[in-house]
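Handing you a structure now.
For clarity, chains are labelled A, B and C in written order, and residue numbers in each chain start from 1.
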Amino acid sequence: MPDPFDSILYKYVYCTLSSTDDVACVGSGLFGGGLLPGGLEWLAYVLTAVTIVAVLINAILGGVLMMIWGERRLLGRFQGRTGPNRWGPFGLLTPVADAVKTMFKEDVMPTVSDRLVFTAAPILMLFPALLIYAVLPFGAGTWLADINVALLFIIAIGGANVLAIVAAALGSGNRYAMFSAMRAVAMLISYEIPLVISLIGVLMLSGSLSLVAIVNAQTLPFFIVQPLGFFVFLVASMAELNRTPFDVAEAESEIVAGYMTDYSSMKFGLFFLSEFAATIATSGVITAVFLGGWHGFDPIPSQIWFIGKMVAVLAVIVWIRASWPRLRIDQIMNFAWKALFELTLINLVVSGILLLIWPSPSTPELWYMAGVNWVVFLASIYIFGKVLGPKHDPVAAGNIQSGITLSDSDAPAIPAGGGD
Amino acid sequence: MIYGLGLAKGMGVTLKTLLGPSFTVQYPDRRVGIMGAAKAAGISTPGLIFKRPVKALRAVLGFERIAVMPTQAARFRGNEFTWYEDRCTGCASCAKYCPLGIIKIVTAPGGINMQEGESYAIETFDIDTGRCMFCALCVEACPYDALHMGSEFERGNYVRMDLVLTKEDLIAAPKRPSTWFRPQMEESAYSPFAETLEDMKQAGRHETPSVEQLTKRWVEDRRTDESVED
Amino acid sequence: MPLKTEPITINVGPQHPSTHGVFRMRVTFDGEEVIDVEPIFGYLHRGSEKLAESRTYTQIVTLTDRMDYVASMTNNMSFILSVEKLAGIVPPPRGVWLRMIAAELQRIASHLVATGFFLQDLGALGTPLILMMRERETILELFERLCGARITNSYMRPGGVFMDAPDDFWPALNRFLSDMPHRIDEYEDLISGNEIVAARCDGVAVVDSQTLIDASVTGPMLRASGIDWDLRHRQPYEYYNRVKFNRPLATTSDNYARYIVRIHEMRESLGIIKQCLEQIEPGPVRPETVPALIRPPAGDSYVGTECPKGELGFYLVSDGGVAPYRCKVRAPSLINLTLLREMLIGDKLADLFVTFGSIDINMGEVDR
């Protein structure tokens, strides 16, 4: 079990409150420490936990608001528009106004709905999204909990939100919602597998399931060493998050709003919130596992590095959303089982062989591994594109035969009235 | 060809758009940065920072806004009408031509100071713009150039009856006729967004340009176009 | 034992994000697969044809604006040509050229809207649509210079156009003409080569050309199946026999072909406008002799024109009065829609709207 005092957050708050004589607390803690009298260490422990969780949840809410603003601004710019700029400086208060509006809207409950399930669904949706943050290391020593099975925890929690989607669909008794739930379940089952297997390469390199250990193991960011794993993980987590081009579960041009169709007011708000919270959390996981976590160069604090990398991942996700159309559900299934699953297996085998050659790789050896892996990555993408891509090029198949140029001798056969 | 190249190309296009200018037309006011604020105030950017630091700070924080009017063509058929009472004979050509029948004209004998010897006074001249589709056929029908399309469009209100333009409204309204079907205004380079034509004499009467005039204008246009291209 | 599934019926529309207006489809699904479609329309019926019987010929022009409201100019032109044939009015050349320029600009605008919403139905989050709306905005600004309105133009009159183009129209048009080819290249970069678009559209909703001909489908939908039928070429009206243009044809007759034909037609329209600018000469735009109230001799007339969506024709019957005795509209949107059921059955739910968008209908014209 890792020492809780590794977490700076825990150390500062606990040592400020508790009058413990623990060695780790000497010299740390504000106001000289020991605000609570001795013998109340248990209370200090509880208060510390409550404080950190409260700070974290509020930070998440603030982050979600910022992300809503950022996504809308960025989407606007990708489309040549300005984006929201009316409320507050640069439109920063737009999501706040949206949130207030959402809270004061009428909460419509469809008559055919199952009240209990209908109400429980948004809450069920929010919890997994928030729980992921418990294990995310936001910076050197800045985490809520450093558990030794963090990756397993994230994968287990991340799969839980489909339950909420099914509950929402069943509860609202809407047929569009049923379509959405069917799609979401099918997609989750398919994409969970490549998602998990793509992480095994990282596990083999780092030798630990703890996110902190994985970050510490990244002398070279793992997206360089494990390009195939990074690619599959990025794609699969975008599918889990229902982001374009895999947003079939809430495809607004097909099934209106999917499982959210019948929701209004703050229930809809919770769905919205949890979706964005999950997106931020996933980008955090990607940052921690593949982009070197909080590592960076020195004058900039590690927390800033982590958040900067997270924002970069989010920007790429928004960029993809702005550029690409949506895939069809059967194509998504095909992609998961015929492409991503095999790619992860290739990654697994290649990583295993490379680790046999260099059992505990040093940094230059990591570079050699990266070289091999990149060659494998590009080659397999090329081969898979050849094998699974469309058999004929639509540009060539639906080719434009320019009709015969009309000349003066090609006189009109049937003259019409009007013009002449 | 490697699979995924088209996807990358598409992302390139969006990236290009991201770096390019925004084509949003902001209305009724525009948020400006510090350079835009300085430009609007007519001084240089350092000048703004030193002379009016509060304004500069507001601009940096994104609070500074300047009012804008969308650019409109001179022929723009606005949400209102411009009417010169002195020119109107009450002939009701406009009312007859209106596809929707929303112009109501009541005349009485014995008017004074009428044009061309008419002796009808106009008692009522109502246009129900709430039902109007602004096809401007009434303007086309007016034989005396008394009725023009207006250029105003910000006429939203909460009561339908307020949308009916009565004779008094028409007289009191600022006269900004659109140049729609009024070539004489176009030839005099009049812009409804720069000036008003309070006097009916300023509005002029339309005389069909001769073929020579048209030819001259057209050839000159072409010549300037070509010289620009060269 | 095969798994027994139960068909599920959904009312898609009239209030659905991608039914392009107030269209309704009663669709029966087996899982994700469409097994039956029943199109239901008429929610936007305004009785335009009946209204026309009580209006003068000039007043009907305003009604045609509101039929296909993303292609008002071509609607105007179609109606005007029919009236001119009925009344024997000969428009002066400059009026005809102006009408052709306006109609081709409108064709570009309409194709931009069609392609943009087609991509929107594919799930592209607005980027192609908004980029295309940007160019359409330029065209609408040109129309505003030309006739003071952006959508409901009412620009044309029996005998020509109501007024010559203002002086500032021509430089703006030249700017647009030099700018637009790059924009179309940009769309092609964004869409045409995109593997997702190809995967979604290639081989979806294929209709063979004989079925299309039997259903009297016209326009880009027909040309996407390789049939060289363009009324501008087959039955030239206006001065289309004095300009040279290619008719882009695709062979596969699927959603991708319908999209790519529209993109290429935009390029051809730009070429037509350039040729119009070369040939246009000064002169009157409307004959002096046309009266305000046209009283055509008793008889009938029909002129089919190649509108962005297909053949639009106005069949007018006159009894010698100021208003037509009967005005029948051959609306391409309605007739192209008749094949919807055949195209959709067997496809997936997601392709339902893509196919619907690829037909490019306008509810104002379907219901009239």
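Throughout what follows, contacts are C-beta pairs under 8 Å (C-beta built on N, C-alpha and C of every residue); 3 or more make two chains touch, one makes a residue touch a chain.
Values in this document were obtained by computation on a predicted structure and should not be read as measured data.
In terms of which chains touch, the assembly is arranged so that all chains touch all other chains. With respect to chain A, maximal separation of chain centres occurs for B (centres as means of Cα atoms). A count of C-beta contacts for the chain pairs A-C and B-C puts A-C on top.
Here the chain at the heart of the shown protein, by mean C-alpha position, is C. Chain centres here are Cα means. That of chain A falls 49 Å from that of chain B.
The distance from the centre of chain A to the centre of chain C, with each centre set as the mean of the Cα atoms, comes to 42 Å. Each chain gets one centre point, the mean of its Cα atoms, and the points for chain B and chain C are 28 Å apart.
Shown for chain C are the residues in touch with two or more other chains, namely 127, 131, 134, 190, 192-198. Taken residue by residue, chain B touches two or more other chains at 3-4, 7, 10, 13-14, 17, 23, whereas all remaining positions touch fewer. Residues of chain A in contact with two or more other chains: 78-81, 322-324, 389. Of all residues in chain A, only 75, 78-81, 175-176, 178-179, 182, 244-245, 247-248, 251-256, 321-331, 389-390, 392-395, 397-407, 411-420 touch chain C in the complex they form. Residues of chain B that touch chain A in their complex: 2-4, 7, 10-11, 13-15, 17-18, 20-24, 26, 31, 61-63.
Contacts from chain B toward chain C in the complex involve residues 3-7, 9-10, 12-14, 16-17, 23, 72-77, 97, 99, 133-137, 140-141, 149, 178-181, 183, 186, 208, 211, 214-215, 217-219, 221, 225. The touching residues of chain A, when paired with chain B in their complex, are 74, 76-82, 85-86, 88-92, 319-320, 322-324, 381-382, 384-386, 389. Interface residues of chain C, counted against chain A in their complex, comprise 8, 10, 16-18, 29, 31-32, 80-82, 84-85, 91, 96, 119-127, 130-131, 134, 190, 192-202, 224, 226, 228, 230, 233-241, 243-252, 254, 256-257, 260-261, 264, 301, 303-304, 348-353.
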